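Notes follow once the structure below has been shown.
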């Protein structure tokens, strides 16, 4: 694997998604601000994605509560476009029992690499993007990442938010807490 | 897994293949008589086929010499037909580095189950068919079979032939041996 | 596995160690205050410890920096005492390339279960104890724990400390930082 | 792994065993003539033996019927002698649920390498020895051998015997068969 640990805390570029599966409506990094977001870029015919990436994405979704961490798949097709279309992806999602939202990265007019993949300069699939609660991209990992390492990275981002939340007063309808 | 050990030594029904990949021309059980033949029925979007069946088929091809054992894939599509066509299969074969011949089981006019799959009354994918040198079907295993068990079954069929061959006089251009 | 998530923040009972290996001198939870501590209770002839616990302990030590997380083995022999003595343990530590400190849980005068194991009411081996920076026991997991889950738990404890440290002024020889 | 395929069909040197466990009395290659014999040389504190060799030995015992294939462990201690004695081995056999016979290779008077290990010039542990029905050593594999490969090798030896048996007239109480 190759990993980038990023310090820049400015919000990352938005996902460019043509269509969502397993979602009630369009999703965006902006709308998920406040949560940690794990985006798994994959292709359904990429062996490493199938053997490693998808199981790891499922594991993130099972270890962390959805109120804290949103797991999104992103189908970033950059080869064999004709056979990895929407209908093929639907069969894949069904057969591999994927129940988190999966976005179809918007195809490009000018080349094989789709929009979000280009925007994030991904080197291939699988690529894991980890965003903190403020929407900043904090990790971009290409290839196989170790489960324990990923668990640690996600938990660190979760804890940042939780501690910030605890530090600031939290108000709801009835009261404000310190 | 469920396995059938078959004693019937009559030649098995022929494969019904619409098209072959990784092959110079049409293949048939009849033409392979004299060799042990391992046919791996799979679907490219079947998780158990991808994680278990294809790797096991590759291992058979690497453990046994091709003069003795022919490994054939058979793409028996019985669901999601629209997205597991020839072009999709070609991408799969390329991405999963499959170099043994793969036949496309002939689609049926009357239902979702293709011809060879119906003829052999397969219960699903992956299914491993093992034929002896005389062309008789000797094992039909549905599901996950253990590598050591499969190695033992194939070797047993190989040895039958070898011993028969040793028992009978073998002649080549120059001489006959006892 | 069975896990207890503990809220009690009072310091946990001290380890009762007869002897340390891979350590320059005696270690204690008290002396490690300020760090997260992962204690892996194991027996060298316990299959689950060998196949799962020891590799996971090594992984914790490789994923987290030692300034933040101290990994300790604890040899809690409660059966086959005669053949899991100090010399046998030394051979095991050597052969399994264990380089973190390992304590020998102090044998009991009154029964087969050693002192620390009894004190923590462990149910068997492997058992993972996770202590926070204040020395409080926060997790006690008996059996196989998932790598991602463990990575998340340890990272959460690491982050608590880090955030507390950030919240409080930190002073060293030269200066105090906010 | 490194493997030797041996053609020499002369009977192999006998095992030199100080004591047997899981056996009613002394065992020998000579007494097992007529069966294929798989001898797994191991040390209880050898990581590769524990993670790979012992499970593979168990698998051979489960795949092949005992009337055809005898699986024997051989505890060939060449290091850490003091902590891999008989009592330690008994605890190991119990904890790892080994139910095939295990012989203790006879210690040497003149060096650390025990008698059978020396006689077979083994390079370390695990080492798998495969003997045919005539008692000849046919394979000597040091290190990790693939399950399918081992299954094929054992089955080949089994079939040799079976075919010889078929070739020769077999008589029992009631009749003789060709």
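All chains are identified by letter, namely A, B, C and D, in their written order; residue positions are counted from 1 within each chain.
Following the convention adopted for this analysis, a contact is a pair of C-beta atoms (placed from the backbone, for glycine too) under 8 Å apart; a residue touches a chain by one contact, two chains touch by 3 or more.
Computed from a prediction, not measured in an experiment: that's the story for all the values here.
Relative to chain D, the chain whose mean Cα position lies farthest away is A. Here the CA centre of chain B is 33 Å from the CA centre of chain D. With centres set at the average Cα position, the gap from chain A to chain D is 52 Å.
Taking each chain's centre as the mean of its C-alpha atoms, chain A lies 40 Å from chain B.
Shared interface positions of chain B, defined as residues touching 2 or more other chains, are absent. If touching chains are joined by edges, the resulting network of the protein chains shown is one closed cycle, each chain touching exactly two neighbours. By the definition given earlier, chain contacts exist for A-B, A-C, B-D, C-D. By the touch rule above, chain A contacts chain B in their complex via residues 45-47, 50-51, 79-80, 82-85, 87-88, 91-92, 95-96.
By the touch criterion given at the top, residues 56, 59-60, 63-64, 146-156, 158-160, 163, 167 of chain D touch chain B in their complex.
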